[in-house]
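The structure's right below; bear with me while I get my questions together.
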Amino acid sequence: MKIADFEVGLDKPFFLIAGPCVIESRKHALEVAKMVRDITGELGINTLYKSSFDKANRTSGTSFRGPGIQEGLEILQEVRETAGIPVLTDVHTPEQVELAAKYVDMIQTPAFLCRQTDLIEAVGACGIPANIKKGQFLSPPEMINVTKKAEAAGGKGRITVCERGASFGYNNLVVDMRGLAQMRETGCPVVFDATHSVQLPGGQGDRSGGQREFVPVLARAAVAAGISGIFMETHPDPANAKSDGPNAWPTQKLKALLTVLQQLDQSTKAGGFSDTDL
Amino acid sequence: MKIADFEVGLDKPFFLIAGPCVIESRKHALEVAKMVRDITGELGINTLYKSSFDKANRTSGTSFRGPGIQEGLEILQEVRETAGIPVLTDVHTPEQVELAAKYVDMIQTPAFLCRQTDLIEAVGACGIPANIKKGQFLSPPEMINVTKKAEAAGGKGRITVCERGASFGYNNLVVDMRGLAQMRETGCPVVFDATHSVQLPGGQGDRSGGQREFVPVLARAAVAAGISGIFMETHPDPANAKSDGPNAWPTQKLKALLTVLQQLDQSTKAGGFSDTDL
Amino acid sequence: MKIADFEVGLDKPFFLIAGPCVIESRKHALEVAKMVRDITGELGINTLYKSSFDKANRTSGTSFRGPGIQEGLEILQEVRETAGIPVLTDVHTPEQVELAAKYVDMIQTPAFLCRQTDLIEAVGACGIPANIKKGQFLSPPEMINVTKKAEAAGGKGRITVCERGASFGYNNLVVDMRGLAQMRETGCPVVFDATHSVQLPGGQGDRSGGQREFVPVLARAAVAAGISGIFMETHPDPANAKSDGPNAWPTQKLKALLTVLQQLDQSTKAGGFSDTDL
Amino acid sequence: MKIADFEVGLDKPFFLIAGPCVIESRKHALEVAKMVRDITGELGINTLYKSSFDKANRTSGTSFRGPGIQEGLEILQEVRETAGIPVLTDVHTPEQVELAAKYVDMIQTPAFLCRQTDLIEAVGACGIPANIKKGQFLSPPEMINVTKKAEAAGGKGRITVCERGASFGYNNLVVDMRGLAQMRETGCPVVFDATHSVQLPGGQGDRSGGQREFVPVLARAAVAAGISGIFMETHPDPANAKSDGPNAWPTQKLKALLTVLQQLDQSTKAGGFSDTDL
């Protein structure tokens, strides 16, 4: 499968989706995009810059939501042109899909919305690659029903599926590494979201908490389980991020983490995955 | 709080929301509505007839979705006028909220969408009562954040909150009866959905299974825990229902079940709830 | 099934197992036993006084464990003779089963040990009734394997099974009311433990927390689901209890709670359970 | 920490605990031990041969339990002398601890029994290394309370802690890779049990099922998360194993799997774990 100008799959090194949770400002977006571009360029990792124009499902109604779709998409377009890095954003309605597809290289659907048929079909029909996040309430094999909806609408060969943790009691998520293997049955490249997986939903009352300290543990584990891509929100100053700061990975520490992940990815993929065919 | 022409709350007998999952046809809707009206009229239970015009989040993209919004709302309007029973339907977008509010006595939002801020705010602003279902991925106290969104948009005094089971491992839900007490902290009447709580999500591969045999157990338990309302999908022929048959309660058995629930409700409410203030 | 001098079953009013978690002293045991006897005698509820001689699985190794088996059993014997109430205690090894069976009217096995074959077989062979708690890690239907072990060893007609909550994420338990119906398939009377079900395991770091405020909610729900017996630890001064204080029910509030439960029990059992045979 | 004649820890390559679930016969034990010894010797992996003398907590009371303690320990002694490989077995009572400690190089306690104070203290006092499995019902940080019990009894510097999956709904386990990092806080080397983690408890009615195909996925993930040791039951003919066949790893495929794990282990440990100190 091709995204922007690179190929992705279990027989390729992992690709990366990285950036701040929400577009905080034009200036901030450009700055972080250049940081991400430089780090990943040096390591030779194919990368999309990710940022949301609207946080449509914040825990509290009074939290920052972002610049909105039109301004947001224009900022992402400028990021792509200026920083020279492909871009991804997430969409919440069929109408947004159509508009966003004109501006970005890949779109993404939120986990909570993975069962909304109209949205998934719009994504399948939009003509560009899409990363569909698995709901926290869904078992990995159920993603086959989801990708079938997108493929029936025209998305065949343009869909990736993404794990971001499953509900585990209250205010906690767990990543079931078996699911990364099971989701290969969709026929779509599997992506692991290393930062939302350490969210503590509603863990701070009117906002979600996060366990940033476990991002490396889970990222290493997922790469060794065997995946096609990694999603990782990053921020140069997580403590002051306007969304999801507690689980953002500090941009300053991105290179060190990615370096280890590259080695693990290489060893894992050299070993092959036939062992799962027992 | 007032719904249609009756009052609801922990100091009143429970009210009921009942009907087939989806509007199967005009004729079917009218028939079932009259059955429900007659049974609940005889028992003196305040009741809303519920049916969906669009199943927007079916497991599979090829399942029946319903007649669509315009035709569906007109059928519900006819049900209300002909059968003389207030009606409820569920909505998935802010646009649908506005339209549906002109036709029905109460609207409802799906569990998967409980965190979509625009939808919840539209519901809060629509002027009629609304039943907000708690997501399978949400802890009961987090519903306070949800109702605050609706209330800030104008919904104060018009919202009920509804439990329909929480994710418990894969392809299974569990009802935490503590949550029915905890959700009273929202200040909104609490409703228990006795039929979706026995769903087995994705339990039949490309569709959800259900454990109809546990509807009475859970309904009795929830009423004794102490609730303001019960939601229960019912169908005269569950084996041939066009949606959610495995967890629908047979209309023929509705009276017997409701009779026991009325007795439990009376005993529970006579006992009072001060014991939860320890 | 007969326990002490009374019959238990779904066609009888519920029986009660109540008392402080651990034997704190001879004097304390006698005092609380008389309180429990008076309250339940007045209400006409068949009751066993419960207390442990050894807390063998405290969270921390430095917590109070109790008087030990010999002194503990003698205190329980004195309670039985002086207060005129049958007694129950829990056992942890086959050797303890044999000894305890000479002193008490019913024994009980801890949830963590429900899979230890030697213990369950000793319980089956000991000649007196036994309450086997379901492990927090066990699905309700798996209790059939457990009771079969006890019955094969001679326990047929002398076993009750007991729900005390299932693991739900970390440091939390959930009671699945469906399980109370499912466990009827063992052919053994089903008991609900209303106080351990509100434990928060390890919730206070080096000890378990508890949500005493939810005891009435869960007890009411379980009685309405339909059970043969209730287990409830009670203490006249929970704040100073030597074990499990956070989830003990205050003895002073026992009568009010039991009174409501009796009404719910009567309504539920009058309604019958044929509805679960769908 | 030293086990047999080798050092273990996060700064050393992982050590291995491997062998058939139960001692099937003297001959079988010797054969498999030599296979394990040869494979791991070639790869330079420090290894203990593991087998149980008694399966004390089988799902069903009629399943094979093993040769018993005396015969079992003598077989293990012969394995050690003949095959030249250190041995480990698991124990269920304080009495067994004392006896087993005379025969084996390391003992192990079952997950269900991790909260039994007497057993854990006996293990702490026995003078040889011990692997304590975390209960399926325990959060990772709670293992600190367990290891403190063992250390207070004399076990300091001789304890490893072991993850084997946490209860995740019914009849399923999930491995939370965060826990492998969290358990480092015990100060004890962390071991990952790759085969019991893929058990489906009670998944076949009167016996547990297993998902052998996910052993490599979870083993790779755990090694990349960062661990000191791996536990893996292996059998030359899993389909005919007398216990836990569905989750045993075929001995013929052991070398290929271990080879990849060695590479991942090296990359992970070279990268260091300071990133978890954010």
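We just call them A, B, C and D in the order they show up, numbering each chain from 1.
Assume a contact is a pair of C-beta atoms (placed from the backbone, for glycine too) under 8 Å apart; a residue touches a chain by one contact, two chains touch by 3 or more.
Here's who's who by UniProt: A, B, C, D = 2-dehydro-3-deoxyphosphooctonate aldolase.
In this text, all values refer to a predicted model and were calculated from it rather than measured experimentally.
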{"item": "Centroid-based (C-alpha) most distant chain relative to chain D", "value": "B"}
{"item": "Winner on C-beta contact pairs when A-C is weighed against A-B", "value": "A-B"}
{"item": "Classification of the chain B:chain C interface as same or different, half of numbers criterion", "value": "same"}
{"item": "Centroid spacing, where centroids are CA-atom means, of chain A and chain C in whole angstrom", "value": "48"}
{"item": "Computed distance of Cα centres, chain C from chain B, in Å", "value": "35"}
{"item": "Rounded Å distance between chain A and chain B, as computed from the means of their C-alpha atoms", "value": "34"}
{"item": "Residues of chain C engaged with two or more neighbouring chains", "value": "166, 168, 170"}
{"item": "In the complex with chain A, residue positions of chain D that touch it", "value": "166, 168, 174-178, 180-181, 198, 211-218, 220-226, 250, 253, 256-257, 259-260, 263-264, 267-268, 270-271, 275-278"}
{"item": "Residue ranges of chain D touching chain C (in the complex, touch as defined)", "value": "56-62, 65, 92-93, 112-113, 115-118, 120-121, 135-139, 141-142, 145, 148-149, 152-153, 166-167, 170-171, 201-202, 206"}
{"item": "Residues of chain C defined as touching chain A within the complex", "value": "168-170, 172"}
